[in-house]
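Following this message is one structure expressed as structure tokens.
For clarity, chains are labelled A, B, C, D and E in written order, and residue numbers in each chain start from 1.
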Amino acid sequence: MSTPTPTPEAQSVDATAALPADLQDERLIASQGVGGFLRAFLSRLRSGDLGSLPVVVGLVVIWGVFAFENDAFLSSRNLVNLTQQSAATGTIALGIVLVLLLGEIDLSVGSISGLSAAILAVGFVGHGWSLPLAILASLVAGAVIGALYGLLYTRFGVPSFVITLAGLLAFLGLQLKVLGKEGSINIPFDSGLVKFAQASFLSDAASYILVVVVVLVYLATRLRANQRRTAAGLSTTPVVTLGVRAVAILLLLSIPVYVLNRDRGVSYMFLLFVALVVIFDFVIQRTRWGRSVLAIGGNVEAARRAGINVKRVYISVFVFCSTLAALGGLLAAGRLASANQGSGGTDTNLNAIAAAVIGGTSLFGGRGSAYSALLGILVIQSISNGLSLVNLGSPERYMITGGVLLLAVIVDSLSRRSRAAHGRA
Amino acid sequence: MSTPTPTPEAQSVDATAALPADLQDERLIASQGVGGFLRAFLSRLRSGDLGSLPVVVGLVVIWGVFAFENDAFLSSRNLVNLTQQSAATGTIALGIVLVLLLGEIDLSVGSISGLSAAILAVGFVGHGWSLPLAILASLVAGAVIGALYGLLYTRFGVPSFVITLAGLLAFLGLQLKVLGKEGSINIPFDSGLVKFAQASFLSDAASYILVVVVVLVYLATRLRANQRRTAAGLSTTPVVTLGVRAVAILLLLSIPVYVLNRDRGVSYMFLLFVALVVIFDFVIQRTRWGRSVLAIGGNVEAARRAGINVKRVYISVFVFCSTLAALGGLLAAGRLASANQGSGGTDTNLNAIAAAVIGGTSLFGGRGSAYSALLGILVIQSISNGLSLVNLGSPERYMITGGVLLLAVIVDSLSRRSRAAHGRA
Amino acid sequence: MTATLSPPTTAVLALTGISKRFGAVQALKDIDFDVHSGEVVALVGDNGAGKSTLVKTIAGVYTPDDGQMTFDGKAESVASPAEAQGLGIATVFQDLALCDNLDVVANLFLGRELYRGRALDEVTMEQESWRLLRQLSAKIPSVRIPVASLSGGQRQTVAIARSLLGAPKVVMLDEPTAALGVAQTAEVLNLVERLRENGLGVILISHNMSDVMAVADRVSVLRLGRNNGTFNVSQTTSQEIIAAITGATTNAVSQRAARRETHTAAPTATTEEQS
Amino acid sequence: MTATLSPPTTAVLALTGISKRFGAVQALKDIDFDVHSGEVVALVGDNGAGKSTLVKTIAGVYTPDDGQMTFDGKAESVASPAEAQGLGIATVFQDLALCDNLDVVANLFLGRELYRGRALDEVTMEQESWRLLRQLSAKIPSVRIPVASLSGGQRQTVAIARSLLGAPKVVMLDEPTAALGVAQTAEVLNLVERLRENGLGVILISHNMSDVMAVADRVSVLRLGRNNGTFNVSQTTSQEIIAAITGATTNAVSQRAARRETHTAAPTATTEEQS
Amino acid sequence: ACGNSDDSGSGSSSSSGGGGKKIALLLPESKTTRYETFDRPLFEAAVKKDCAACTIIYSNADQDPAKQQQQAEAALTQGANVLVLDPVDGKAAASVVASAKAQGVPVVAYDRFIAGADYYVSFDNETVGKIQAQTLVDTIKAGGKTSGDIVMINGSPTDPNAGSFKKGAHSVLDSSGFKIAAEYDTPDWSPDKAQAWMEGQISAVKGNLVGVYAANDGTGGGAIAALKAGGVKPLPPVTGQDSELAAIQRILAGDQAMTIYKPVPPEAEAAAKAALALANKQKPASTTDTEGVPSTILDPIAVTKDKVKDTIIKDNVYKVADICTAAFADACTKAGLS
């Protein structure tokens, strides 16, 4: 009764030989052409593979609601404000993304940003240091704090939650100490920092040129990659798909730029933030250091066994995080033209961490992207900005903030299939 | 050249046959008697196996420092204050321990406790409800919030960090709304709740009887367990060791009780907190539900495959956590004899989470114990209490708080070997 | 074809047309499979052939995209592992699925803890654990250490011991002997035979042809996510099965065997050449 | 005793008196072990015998409580896996140690990524990955999916492929074929032989006696954390090694074999009885 | 630091036509009762009275200067004709004033001084601290003690205004003959923290405590709870601020010595008048001048048990029925409230 069906499949070997090396497996469902691309995209979306992208849906919902509520929300003027409001905390959130990728946390970014603002103000205004010197001092202070955290973490194995909680308190104290009796120090409006943070915008021409350059660089790198992949016998992205994507990027960038340009334009500060996001995304995705960070976040023991110097990576990440926090503090101080006891206080910490998490970076390490800082902070600041256009008492404002936040994230998670079955988010 | 040494070890089988089933493996290093017990204890300590116990070392350091600084710190009066100050946030921290065991977080416990206080005050004082009704209403509100979180989490897979962040804001708003115009509501000093929270203490006799009962119950259960283990052919704890431990427990309990009794004594509120800790420890360690919580925290997929109803466990844990937060809010309100907009604010959240983490509960799930809420909150409140006896400016106060906290935790982690190599803390 | 191979009784578990897709990968396509009471069916196939995916689909871990399942003659759709257990399907997963933070006893009894009064009956559970582990010749020094600190084989033994609890009708073992020592492997094979004698349906996944030939009644081959033949063990040879697995009659395995035979002439060589 | 068995060259890696304790468990006690260039030494033993612990000690994952290690004639103490790799020791761990969140390419090249200008050279790495995996007959549909979604055997292949990168002097393979299909197993055994021909020292851990007898030159047996004999493969039999592993000449394995022989009379039975 | 600008109302907001002006009211926080309960409704009422067509844009910054800046920007985006700004941080608000000025929108500094504003309406914060301290000293002396320890529970170390209260209080207490035994800046004005700190002081200061300076009613309430639970008898006088209902009740019950009452209606009215004038490009009337800014400065009032009737009740801040709940009925009768 033994009736095997040996199907030697000799012919299928022939058929696949012509295919690129990475598409030869017959279980792969072909996704060629634009249609295939779309289908693959949808299935990746559903399986929760796209990290921060689905948050965009949440963001669109929020914008829709507020635009409906108040015309002013989508006005150019307000959107320029929104970019300005997002830059400082966004920069801090970028640092948080890094520590979250490791599976660690930094609760003290608020205090560090406040301390950095205090150092700048006291140095620059109080002691009359030059601006670059004062900025340098602030950033160095941030870096030193990060190094300290990293050493404490790697040396004693104390959870970063506790280390940075201690830092939150200690550096708040130091901030108050540095500010001294005056408490609140104004930074002159005509100083470089305040000008940079409040009143420096790209010219219209420059902004459009930038958009075009970005699109061209994208196309050039992708075409070059295609060339190399063909040479290596690997599959390539169809040129049509590339073209569609390039046009999408062009629209995605030029429409906002156009809208912003109807008011003051694209601010230097926001540009700096976006540039940092792009740079860190590159560093995370395309360098050995970034790969190590992801590896440690995924499985620290595996990373160690792969010969990665785990301690050095931890320290460097903490340094980056607190330096970015210090930079964020400077931007915030510049925008407010003041440093005071409340700088970096209230919910800077929570907003920065929330931005990273809402943007799609996992609290458990190894999953996330620099872009989640950008998207997350836009969600948070859109809610806060939108609500400030609506006439509400504090209780209602809190409740609606919570509700809208939840809505945005639920919309996001509805747009993918439940991640629960695949493990933690 | 083949010279095998087959060592059939037939005699070792004979030798081990007399041993209890769980001690027959010849690789086990015997740890019989008190000395062996001590050695085993030390090696468990070093390997980081003892969870929250080593924090005690940190606590002792803190106490030493403050006692050196100010005699009043170890005075009976101050220690009674310390117990009173610890109960409310400690209760909240106990709920946090539960969610942390699952590998989740609740950022909104502060808001929930504030809301619960507001409901109590408005119901009891404003609307003239009876006290039990008002308390019940507050606790039910907490439970409902927890159920909501649980449903959102299990239904949409939104990270609990984001859900509870939304809750933090929404329920703060609701708290302000409930408090309404008045904003701050006094709870009469002669009401049952305030009396319970401020002025109810165990009589000296009762407290010592309680200590003796605890020790006897311990001895009885352990001896009974020994009996059953012998019957089952398993190893038992030597009676000497049990005796030593019983004496240790007796001392560990009666000395503090003696000290507290020199002032007002052991307060009902603290006793309630400790009783909750003991009950939850039992529930976590000795019931199927607790086992499920630990299993899900360790490996949610394995728990699911073992047939555990994972969703139900998640929901129940969130319900417990927010109900405990509501209870903590009631205790805090009773102690302050007031509910106001600041109730549950400031760092209630941070303190509660920090207490759980400092006490030794992992942020990553599956590791920790109810006792970490007790130990952690004692560490945190000792620092804050100790500093309130020292005359310091705000900057110094913050800095020292941070420093001492760090010191306590470093001492703790120095007392074990680095956990880093064994994975996350 | 399968029907003609099966014993005349109705299958305790039967699958028809099961498909499962992960992203761009079609892991299973139109799979038919069945097992009868008192029968050991081996499920074999190359790495990534879809064996574990099939097992997880039966166990309720994955929901199939397509296809029907009947259990004990009734059409069922299992939406969760709990439901599969409820039906009487016990599974040892290839990735073991143990809770690293819990000790051996807790893992063994996870989800079906024994009670005594209001508290877990740790004593009986520990005693029972030792009994189960001894039965499998496990070399575990203590059942009170977290399974994270067990060796690979010890972990596997714990996972297998789990499936002996309860009263299942079908037991699925996904590469149960992969990490086991020779003695433990022999015990597991004994166990499989005992299960068959007790009238259970057993699904055994293994890459070890001699184990498969030793205990299985039927062998079902998967290849790249599709059925690739069913063999009656008494009427086939390892070579035939390996050919179905690899999809070719000449392959690395036979080449190695051939090469080895010409090179060495040691008396033990023929017995040792089997994969 | 070990010394007399070894070839006359000095060992590339030699351990003496290694002990390692975990809590109350003495995992290794006074272990002596060595491997020479161009030699395949099999390390065998029952579950929990301490094989993986020994491998991890050599690889710098654990620090031994006691004992010396010499590498290339020099006394060394490796404090971290990075140092072991620096010396030229490549290891495939039993628990694989892959980063589940990274894709196959990233895992393969983890810690030794290729660069092109300022960015990782993904194209060359991907090309190279396919080459390595094909060489091991891996059946992996795509190298751009996270290893979390690979089957057990696919993961194992990735871990083995990792060890082929770089230019090690000693390769340690801890149960490399446990989850592999028949074809992949054959390729790995071929690989082991190639490594030996290239003059590397290979340490192979396996429970499969036929694999061990097929490729190893020497067999070192661990039992309950202690040395339990070293055998020259050309002068011993599986039975003898199994007796050293289990510590008894009659055991479940031989009983099974005996029972089976009397029960069945199929012509293939004798070749298939080997564990 | 950004200089004094006397160009009040010099800018021209061209967009505003007719009587329908937009007036933005930006308040600093929601954790004390007064802002949302009194300032907002009273200000809105005052504006509506004079200008029914005017709309009011309201925001509350929850103690965050950056959020306040954002809210001011939002108000400007919506075309506000005048900002009435109660700054979280008076100094840091310079930035808001600058951007308002850049768009020709005048700013009324409400409650807290802002350099460069066009108008200033307030109770002086330092005066508040002085009155609190003076009443405390007077109460202690009335109790027959001329020496002893006072402890100070100040406001939040991260709230710039708390510094002003503290400064005012120190100016009185430092020379009062009483010893300031200990001092505490209460994080976030948190009553629980004040309570915990006070409990420590009962152990540390022991018998010689004669009075407690608490910067507001919340912290005062915390101190009182600590003193009561600690069994301190008789209760030393405790100060407060904000005239919370709970504080008035405590004052009547004799637990708290005083609170500060800032009659919000005149303040709100003055601000509304000034805002409307500025919105219509007129010069608002002013009584004085603060650092070059035309101002209306009002006097805060110390409310002690005997003054409750003349202030709180008279101004209809709370109804007798609200205050005299069952628990406080006795105290009310004694104080002559019914």
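One rule holds in what follows: a contact is a pair of C-beta atoms (placed from the backbone, for glycine too) under 8 Å apart; a residue touches a chain by one contact, two chains touch by 3 or more.
Being a predicted model, the structure only gives us computed values, none of them experimental.
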{"item": "Partner chains shared by chain B and chain D (touch criterion as defined above)", "value": "A, C"}
{"item": "Reference chain D; chain at largest CA-centroid distance", "value": "E"}
{"item": "Intercentroid distance (Cα basis), chain C paired with chain A, Å", "value": "45"}
{"item": "Between chain C and chain E, centroid-to-centroid distance (C-alpha), Å", "value": "74"}
{"item": "Gap in Å, rounded to a whole number, between the CA centres of chain B and chain A", "value": "36"}
{"item": "Where chain A touches two or more other chains at once, by residue number", "value": "25, 27-28, 172, 176, 301, 394-395, 397"}
{"item": "Sites on chain E at which at least two other chains make contact", "value": "30, 36, 157"}
{"item": "Contacts with 2+ other chains: residues of chain C", "value": "22-25, 139-142, 224"}
{"item": "Pairs of chains found to touch, sorted by chain label", "value": "A-B, A-C, A-D, A-E, B-C, B-D, B-E, C-D"}
{"item": "Chain B-facing residues of chain A, complex", "value": "103, 105, 107, 152, 154, 156-159, 161-163, 165-177, 300-301, 350, 353-354, 357-358, 362-364, 394-403, 405-406, 409-410, 412-414, 418-420, 423-425"}
{"item": "Complex interface listing, chain C residues touching chain D", "value": "22-25, 45-49, 51-53, 94-95, 137-142, 145, 149-154, 156-157, 175, 178-187, 189-190, 207-210, 213-214, 224, 234, 237-238, 242, 245-246, 251-253, 255-256, 260, 266, 268, 270-275"}
{"item": "Chain B-facing residues of chain E, complex", "value": "30-33, 36-37, 157, 181-185, 187-193, 195-197, 199-204, 217-218, 221-222, 224-225, 228-230, 244-247, 249-250, 322, 325-327"}
{"item": "Parts of chain B lying in touch with chain D, wherever the complex brings them together", "value": "1-10, 25-29, 31, 40, 43-44, 47, 49"}
{"item": "For the chain B and chain C complex, residues of the former touching the latter", "value": "21-22, 25, 27-28, 225, 228-229, 232-234, 282, 286-288, 291-292, 294-295, 297-299, 301-309, 366-367"}
